[in-house]
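Pasting a structure here, questions to come.
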Amino acid sequence: MWGLIHKLGSPKWFYQLSARLQPWCWGAAILLLVTGSVWGLFFAPADYQQGNSFRIIYVHVPAAFLAQSVFVTMAVAGLVYMVWKIKVADMAAAAMAPLGAAMTFVALFSGAVWGVPTWGTWWMWDARLTSMLILLFLYIGVIALRGAFGRRDSGARAASVLAMVGVINIPIIKYSVDWWYTLHQPASFTLTARPSMPLEMWLPLLIMVLGFYCFFIALTLMRTRSEILRREAKARWVQALIEEAR
Amino acid sequence: MTMASLVEWAAMGGHGRFVWSAWGVTAVFMVGLALHARLERRQLLRQLKRQARRQTPSPPRGPSHDPDA
Amino acid sequence: MALCLEARQLGCERDDRWLFEGLDIDVKGGDIWRVDGPNGSGKTTLLKILAGQLADYSGTLRWQGNPLHRARAHFAANLLYLGHAPGVSAGLTPLENLAWYQALHGERGSEAQREAALSTMGLEGLEDVPAGRLSAGQQRRVALARLSLTPRALWILDEPFTAIDHAGVAALETQIAAHAQAGGAVVMTTHHTLNIAHPLCHIALG
Amino acid sequence: MPLSETTRRVAVISEPADKQHLGIALGATLMRDLNRMRRRPGDVLNPLVFYALAVSLFPMGISPEASLLAVMAPGLLWVTALLAALLSLDGLFRSDFDDGSLEQMMLCPHPLTSLAVAKVAAHWLLTGLPMALMAPVLGILLALPMNSIGVLMASLVLGSASLSLIGGIGAALTVGLPRGSVLLSLLVLPLYIPVLIFGSGAVQAAIMGDAVLPHLALLGALLAAALIFSPWAIAASLRISING
């Protein structure tokens, strides 16, 4: 077990493994995203209440899922880096943070736009949108803290601690915001309280969610590989790699 | 798919503005992130090559032009 | 039991640059180790690693036979560390500083003990002056008063002579020599030419 | 300078520090901070003056109309208390970090987590408690109904303890950074939101005559969670900042 962890953790081995994995992920991501989009935009029936603005769900929900799972993944990668000192885990955490922040912003923007036809205003302090806004601040905090330290591995460790503290607080924040929202607007319409979506609406959503996750994996692999090259530039295997690329 | 039905579909029953702005922003971010990652990688490789070239004076290259440079 | 702190293949990498590597050090009772090297050669980093303050180093560090991170509390009870910053807080008087330092190691101690320690460092009459108003040398002396106040087997001193006048330096050198003769161990760095009546062991860095 | 004991052999202490020693260390660290603040009252009074000043700005910004202010009083009192606590967090570890006392705390035989709790307790006694005692006066300024004054104080006492603990993590993470205080608020404010929600919720419930206990119970639960997790996070962050 110990040998496997360290072999898995060696940047060189990860670099080569991800080289093989990456094209498959990109292929799957593009395939899933295209089919999901076409299905969601063209063929899925419009919602009887909201009409076509319902189609925003095929972008909003996957982005919201991804925003939260990227933060959790980042916290787990931070824990792996802090406990087992595996540098690749921290490189992956550093690579995925901006992606998570971007997905949070996308979820926030699409959620707000989705609310316009139903609520008539651009911003509505809906429980889920508020939690998403706070999640965006947590992302910005982690990214800003990572960059604030002179030495890279101090910044990495600080960002890992903050990601772990943040991930413990996400359910607490979500619960308190939901409680706060129901206290002040008990009866109003909430976006996600969907009774049960019919299959032809729900299936494209599943495909889009899978597409978003494949996109996330592919992009994180690519950015982690760049991070490996940047941090291991002095290693012999990187020099050899550069040599043969010249 | 006549032109008329295409325009009618794009209008999305009046909600077109919202649907396309949401999808548009998502597409911009995802494509932007992907392109940025590729650009970042290409710049990094070029920078590493320059450093490698600076440290080890490379043998005088023949007339063939280096495609990557 | 005899004091022994052994380091095997000690190495430290800072920003892709190896400050030092492959260091083997055996600190035993009666040793005075002096770490030499130009500025920025990692002297302070080495002392911080030996004091158990920095964790990211390569190689092994053992205290009384078992790994340092497992025997941390026992090791800390026998360690007296003096860093660049003396560790004397400006808002408190020297007596309060020493009282807090003793309490940090679990000893309540007595006012008389602290006054005696301050007077050995030539700080009579300044016991109740807030440390913020003392000079750098006097603040350093308040920190050095700990050497006689709390007897510890292992001293790790990072440039203890900074801002100390000649008389103070001589007194400190005799105190260090006495500590080594009494069976204690000292690991120190200084740019000052030491003349101590005790054999010195050297570690050259950089 | 006579060297009194030259012949005494230097003994290697073997028995580990027991509970009684830990109590001495924690008590001394707590008293040390209280003494230091007694000498420099500015550090204690600044957050309180800021709290009073910020609260009295709102009527000028909104309207002197009592009924309007009364609706917003719980939220305003709680948000300004939160910002005042944030203001005083920066100094929590900074002076110890600069003069080297933090190094001594890390190298003493006692766990850094318990010393961190002692530091945070001292900070709470010097900012959280005085603010809770001062809040009723400011409540009157904002025409806060009288029946909710007691709950306001109780929620501030409970809430400010969690604020100090969670803020301690941010302070420990940014203590080594030159312009750390701006980053500190960016890191800590999102984590303050649950405490703010249940704190001001308790006061609003008291005004409307609803049940107050669930709110205070949730504040207590947040405090318990903070007491469990934040000392570990503060100690880990201090070790990172020391090496930084």
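The letters A, B, C and D name the chains in turn, as written, and every chain counts its residues from 1.
Rule of thumb we're sticking to: a contact is a pair of C-beta atoms (placed from the backbone, for glycine too) under 8 Å apart; a residue touches a chain by one contact, two chains touch by 3 or more.
What you are looking at is a predicted structure, and each value in this text was computed from that prediction instead of being measured.
Peer 1: Give me the set of chains touching chain B intersected with the set touching chain C.
Peer 2: A
Peer 1: Looking at C-alpha means, what's the farthest chain from chain D?
Peer 2: Measuring from the centre of chain D, the most distant chain centre belongs to B.
Peer 1: Tell me which has more C-beta contacts between its two chains, A-D or C-D.
Peer 2: C-D
Peer 1: Which chain is the middle one, judged by CA centres?
Peer 2: Ranked by how close its C-alpha centre lies to the overall one, first comes D.
Peer 1: Any idea how many Å lie between the Cα centroids of chain C and chain D?
Peer 2: So the centroids are 33 Å from each other.
Peer 1: I'd like to verify one number: the distance from the centre of chain A to the centre of chain C, where each centre is the average of its C-alpha atoms, in whole angstrom.
Peer 2: Spacing between the chain centres: roughly 48 Å.
Peer 1: In chain B, which residues are in touch with two or more of the other chains?
Peer 2: Chain B, residues with two or more chain partners: not present.
Peer 1: If I count partner chains per residue in chain C, which residues reach a count of at least 2?
Peer 2: Residues 56.
Peer 1: Among the residues of chain A, which are close enough to touch at least two other chains?
Peer 2: 151
Peer 1: Can you work out from the touch definition every pair of chains that touches here?
Peer 2: A-B, A-C, A-D, C-D
Peer 1: Mind pulling up the chain A residues that touch chain C in the complex?
Peer 2: Answer in residue numbers: 85, 151-153, 234.
Peer 1: Provide the residue numbers of chain D that touch chain C in the complex, in ascending order.
Peer 2: These residues of chain D touch chain C: 1, 3, 5-14, 16-17, 20-22, 24-25, 27-29, 32, 35-36, 39-40, 95-96, 98-101, 103-110, 239, 242-243.
Peer 1: For chain C, which residues are in contact with chain D within the complex?
Peer 2: 1-3, 29, 51-56, 64, 72-74, 76-79, 81, 83-92, 96, 99-101, 103-108, 120, 122, 130, 151, 153, 171, 174-175, 178-179, 181-184
Peer 1: Sort out for me which residues of chain D touch chain A in the complex.
Peer 2: Those residues of chain D that touch chain A are 169, 173-174, 176-177, 180, 183, 186-187, 189-191, 193-194, 197-198, 201, 218, 222, 225, 229-230, 233, 236-237, 240-241, 243-244.
Peer 1: If we count contacts the way the header does, which residues on chain B are in touch with chain A in the complex?
Peer 2: On the chain B side, the touching residues are 9, 12-16, 18-19, 21-23, 25-26, 29-30, 33-34, 37-38, 40-41, 44-45, 48-49, 51-53, 58, 66, 68.
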